[in-house]
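Listed next: structures, encoded as structure tokens.
Shared between the two complexes below is chain A, which pairs with chain B and chain C, respectively.
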Partner chain A sequence: MEHFNIVILVLLVITALLALRVKDLLSASMIFGIYSFLICLLWAEMGAVDVAFTEAAVGAGVSAVFLIATVYNTKRRSSD
Partner chain B sequence: MKWLALLAVCATGSLLIYGVSDFPDWGSANSPANGGVEGAGASISEVFIEETETLTKVPNIVTAVLADYRGYDTMFETVVIFAAGMAIFAIIRVMRDTEQTQDKTQLDSSVDGDHQRIIVGTTCRILIPVIQLFALYVVAHGHHSPGGGFQGGVILGASFILIGLAGNLETAMQRFSEKQFVSMACIGIFIYAGFGLLGQFLGGDFLEYGVLQKVLLTDGEPMARSHSMLGVEIGVALTVTAIMFAIYANLASKGELKNGL
Partner chain C sequence: MQDFIQNFVQPHFNYWAYVIVMMIGFWALIAKRNLIKKLIGMSIFQSAIILFYVSLGVKDGATIPIIDHHQPAPIHEVSQEGHDAHYNSHGEEEAHHHKPVAAEFVNPLPHVLMLTAIVVGVATLGVALAVSQSIYKDFGTLEEHEILEQIKTGDFHD
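Entry: the complex of A and B
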């Protein structure tokens, strides 16, 4: 289980940095969804199933859709 | 300026990490929540774990804490979601008709658009009832298994969002109109606060579910608390469903609630 945790924590840092670095905001919101799913795995592994469930539904599901809807109606490229 | 921001982030980050080193170990039996403070009797975790089953007849302790012991907290969490939805209404929603949007509708219903919709439309027709059934299960079974009003409400709202994503927003709005979702959001909070007020009318405290046994006709206080939790969760689910769809509808159509993504 230690290895599983380490792999997920490393992936979390990578996705967090990627979401900031990527210029395409649509990919950034997808990466944000991946980040949410990874953290959801972490909650589930700790035994906090209710929190993991909320994270999967809200973080990875609905908020990704909200971000994509916003990107669609604004601009797709990040300026910085 | 960028370097200054990086410096601020690093300083805050290291302060936070320094603060974490003071925390008890994860799952430690001696942490204040698990082991209690010396001379203060049983810790709060012990009380919850030992008493929940007898006091409320709810196997899922998380739901019992969320909806009963800390019902006041959860009520205002629901109000926060409601307020967020209303803020989005206030900021994005526009109340006038524009010419531009009507041209787009005609473009959308061309032959090419219909061809694309066969696969997506059929998949959604099969998938959406299953999603909604699962959402209702999550709400109704929230006090026996992981889940509850928030999660079930989000899944139910997501099923309506899927209708809007697969077709256009108007198809979804035919099933779930603006009038319906705004009043549903209000009704959800009314149900939650109503359970609290009902307890007060029957001589208990606000959100004291035990006294509701006279109204709910259950045998004993534990079952009354269990049933009230279900009722409260349904209220939360109604609000969350409505607000999730309202936020999507406003964001996707720039507040015009016509042909979104």
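Entry: the complex of A and C
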């Protein structure tokens, strides 16, 4: 279980950097959704099941929908 | 170096990752110029702090904080006092119920605190995204330097 934890944490850092690196804001939102699901998996593994399903519903679901709705109402390109 | 990794990095890897992820989010809040990117950075910052608090409740060999009345099989034998078979109202012997021992469960108090923090986080994100849509309507852009330029020269429609 220790190694599972470490793999997820490394993937977490990679997706966080990637979400901030990508210039297309829609891709950034989707990668942020991946980040949220990874952290949800981490919490289920750490024994915080209540936090895990709140994060899956609210963090990955609602946040991603909000971000995508904003991207569609504004511009999709970002300068950095 | 090998010794350092085995003694300090591997057992506390959650905390190392929490510091790294939090600083990534903080960097995005400061250095990124697009407002949506700043907000993604803010969400990453928040979830890193939640990661720190949830890591505080973790114990070795502990299970989720739910008392199971039907399956008394423990994860590991900790208790000497756990095996007193007790009787229900009909006098039948129930299965060997373990008394709940606190060391068998992860600490649920940080989880409950962080549950509110997640909801507050998504509410903050929603309000901030609504404000940035309104900014886009006034300024026609989401880039911070362009907005500041327009405020300085005063050519925007509100």
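Convention: the second predicted complex is superposed on the first by the 80 of 80 C-alpha atoms of A that agree within 3 Å, B and C clash if a C-alpha of one lies under 4 Å from a C-alpha of the other, contacts with A are read in each partner's own complex, and residues count from 1 in each chain.
The definition used in the following text is that contacts are C-beta pairs under 8 Å (C-beta built on N, C-alpha and C of every residue); 3 or more make two chains touch, one makes a residue touch a chain.
Given the structure is predicted, the values throughout are model-derived calculations rather than measurements.
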Original post:
More chain A residues touched by chain B or by chain C?
Top reply: C
Original post:
Where does A:Phe53 make contact in the superposed view: on chain B (first), on chain C (second), on both, or on neither?
Top reply: first
Original post:
Between chain B (first) and chain C (second), which does A:Phe4 come into contact with in this model arrangement: first, second, both, or neither?
Top reply: neither
Original post:
Once the shared chain is lined up, is A:Lys75 touching chain B (first), chain C (second), both, or neither of them?
Top reply: second
**OP:** State whether A:Ala28 touches chain B only (first), chain C only (second), both chains, or neither.
**Re:** second
Original post:
Given the touch rule stated above, what does A:Leu12 touch, chain B (first), chain C (second), both, or neither?
Top reply: second
Original post:
First (chain B), second (chain C), both or neither: which does A:Leu20 touch?
Top reply: second
Subject >> First, second, both or neither for A:Leu42, with chain B first and chain C second >> reply: second
Original post:
Looking at chain A, which of its residues have contacts with both chain B and chain C?
Top reply: 46, 49-50, 54, 58, 62, 66, 69-70, 73
**OP:** Quick one: which bits of chain A touch chain C in the complex? Just the residue numbers, please.
**Re:** 2, 5-6, 9-10, 12-13, 16-17, 19-20, 25, 28-29, 32, 35-36, 39, 42-43, 46-51, 54-55, 58-59, 62-63, 66-67, 69-71, 73-75, 78-80
Subject >> In the complex, chain B residues that touch chain A >> reply: 26, 60, 62-63, 138, 146-148, 150-151, 154-155, 157-158, 161, 165, 244, 247-248, 251-252, 254, 260-261
Subject >> chain C to chain A touching residues, read off their complex >> reply: 10, 13-14, 17, 20-21, 24-25, 28, 32-34, 36-37, 39-41, 43-44, 47, 50-51, 54-55, 57-58, 62-66, 106, 108, 111-112, 114-115, 118-119, 121-122, 125-126, 129, 132-133, 136, 141-143
Original post:
So in the complex, which bits of chain A are touching chain B?
Top reply: 46, 49-50, 52-54, 57-58, 61-62, 65-66, 68-70, 72-73
